[in-house]
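Read from first to last, the chains carry the letters A, B, C, D, E and F; within each, the first residue is number 1.
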Amino acid sequence: QDSDTTGTSKQDELSLITETPEEGFEVAVQLARKGVTTTQPNKKVLFMLRDVYSKDPDALIASSHVVAVHYQTVAAANNYWHE
Amino acid sequence: QDSDTTGTSKQDELSLITETPEEGFEVAVQLARKGVTTTQPNKKVLFMLRDVYSKDPDALIASSHVVAVHYQTVAAANNYWHE
Amino acid sequence: QDSDTTGTSKQDELSLITETPEEGFEVAVQLARKGVTTTQPNKKVLFMLRDVYSKDPDALIASSHVVAVHYQTVAAANNYWHE
Amino acid sequence: QDSDTTGTSKQDELSLITETPEEGFEVAVQLARKGVTTTQPNKKVLFMLRDVYSKDPDALIASSHVVAVHYQTVAAANNYWHE
Amino acid sequence: QDSDTTGTSKQDELSLITETPEEGFEVAVQLARKGVTTTQPNKKVLFMLRDVYSKDPDALIASSHVVAVHYQTVAAANNYWHE
Amino acid sequence: QDSDTTGTSKQDELSLITETPEEGFEVAVQLARKGVTTTQPNKKVLFMLRDVYSKDPDALIASSHVVAVHYQTVAAANNYWHE
């Protein structure tokens, strides 16, 4: 999970509804990171860890897995972006 | 999983229904922690373990994964917070 | 998974339907443990293993994950305890 | 996963429909084992492996997780055994 | 995952619809293997790896888990083979 | 996850809707890789890692698992390609 923890500042309230599947994927990535930063809010620690997991295939696959679960949720929320 | 095990005291009965996706995420985090504290209720042990998993990328990703599964449940419970 | 394998004795037949989300969580924990005791019915072995996994963050997160999957099932079974 | 690979002989055709949640759990366990025996049909190897995983907390939790996914499928198939 | 990568040749187009739960399970196994051969198409490497994972309980449980996720999809696709 | 990160260039906008289950599988693989490249955009690192995970049974099974979760989403999006 990237250590970019801007996540959801007060103005851009968290929402699952997006215009496109692409934007939906970004929300899924944001939710996956939020799951990490909620447990470990310390940005310095996160930044240090990034160097480890971003070069570890198992960690990269595992984080892609978390995004996949959230994307399933976001896609259902948007009725799979059917017109 | 953070060792904050206030979780659900008798007054604030556990509920999946929330006003916003943000509050829904907090319930998902609470449920994920409840799954840990149910298996390991000893706060001292949990506090000691926090030091380990909160600096372990694999553990942070794995706990984000548990939150993602609960968030899928909570989001469905709230019909994805459609108006 | 706690080695409490009372699980479902003949009188309290297994049911997914509960009054509250809190009771639903208890059924999910019971189902997660049942998945372990079905594979390893030997209580002495389970008790011995408890000492290991109950102090292992990865195991605690993994068991919380199993509870999360069952809780998703139980919550859907109860239509998310909507009135 | 237990090495009992009677699984589904020709007479008792595989079905997801059961009378009770308890029977549904047995089908889920059967499906989880079938996923192992399909990949490793050699009973001698399976029996040897049983000695390993049946005393390994991580493996016991992981197999409970597979049962949980199948149980979610079987429960939905039976409309959660609502009367 | 077995290194049998016949999977879907041009004639037998991939389909999720099957007559029976048993056939549905075969499609789920096929999809799980397809997920491996898509990432690693080299049959020699796959054959070599088979010797490793087919005797590793964790790998056997993990592959049973992938089959379980696909089986959930195939079962829903066939409305759980209700008559 | 293959290091082919063509993924979605601006012209072929990401969409979950496909003609066939086979094409749906390709989208699922694309989404699984996108989950990796979003976290690790550096192609050189990805290429280096491919040598590692493409010969590791656990990593191959884990990536097949991510594809399975996305395929469940894509299949639901296409109503399981029922005519």
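Some observations on this one:
Throughout what follows, a residue touches a chain if its C-beta (ideal position, glycine included) is under 8 Å from a C-beta of that chain, and two chains touch if they have at least 3 such contacts.
As the structure is a computational prediction, the values presented were derived from the model and not from experiment.
Chains that touch both subunit C and subunit E are the following: D.
Centroid to centroid, with C-alpha atoms defining each point, subunit A and subunit D lie 33 Å apart. Averaged Cα coordinates give subunit E a centre that lies 16 Å from the centre of subunit F.
Under the contact definition stated at the top, the residues of subunit E that touch 2 or more other chains are 1, 53, 58, 62-63, 65, 69, 72, 76. Viewed as a contact network, the protein chains form a single closed ring in which every chain touches exactly two others. If you check the complex, the residues on subunit E that touch subunit D are 1-2, 20-22, 25, 29, 53-55, 57-58, 60-65, 67-69, 71-72, 75-76, 80-82.
Chain contact summary for the complex, subunit D toward subunit E: residues 1, 8, 13-17, 31-36, 38-40, 45, 49, 52-53, 56, 58-59, 62-63, 65-66, 69-70, 72-73, 76-77.
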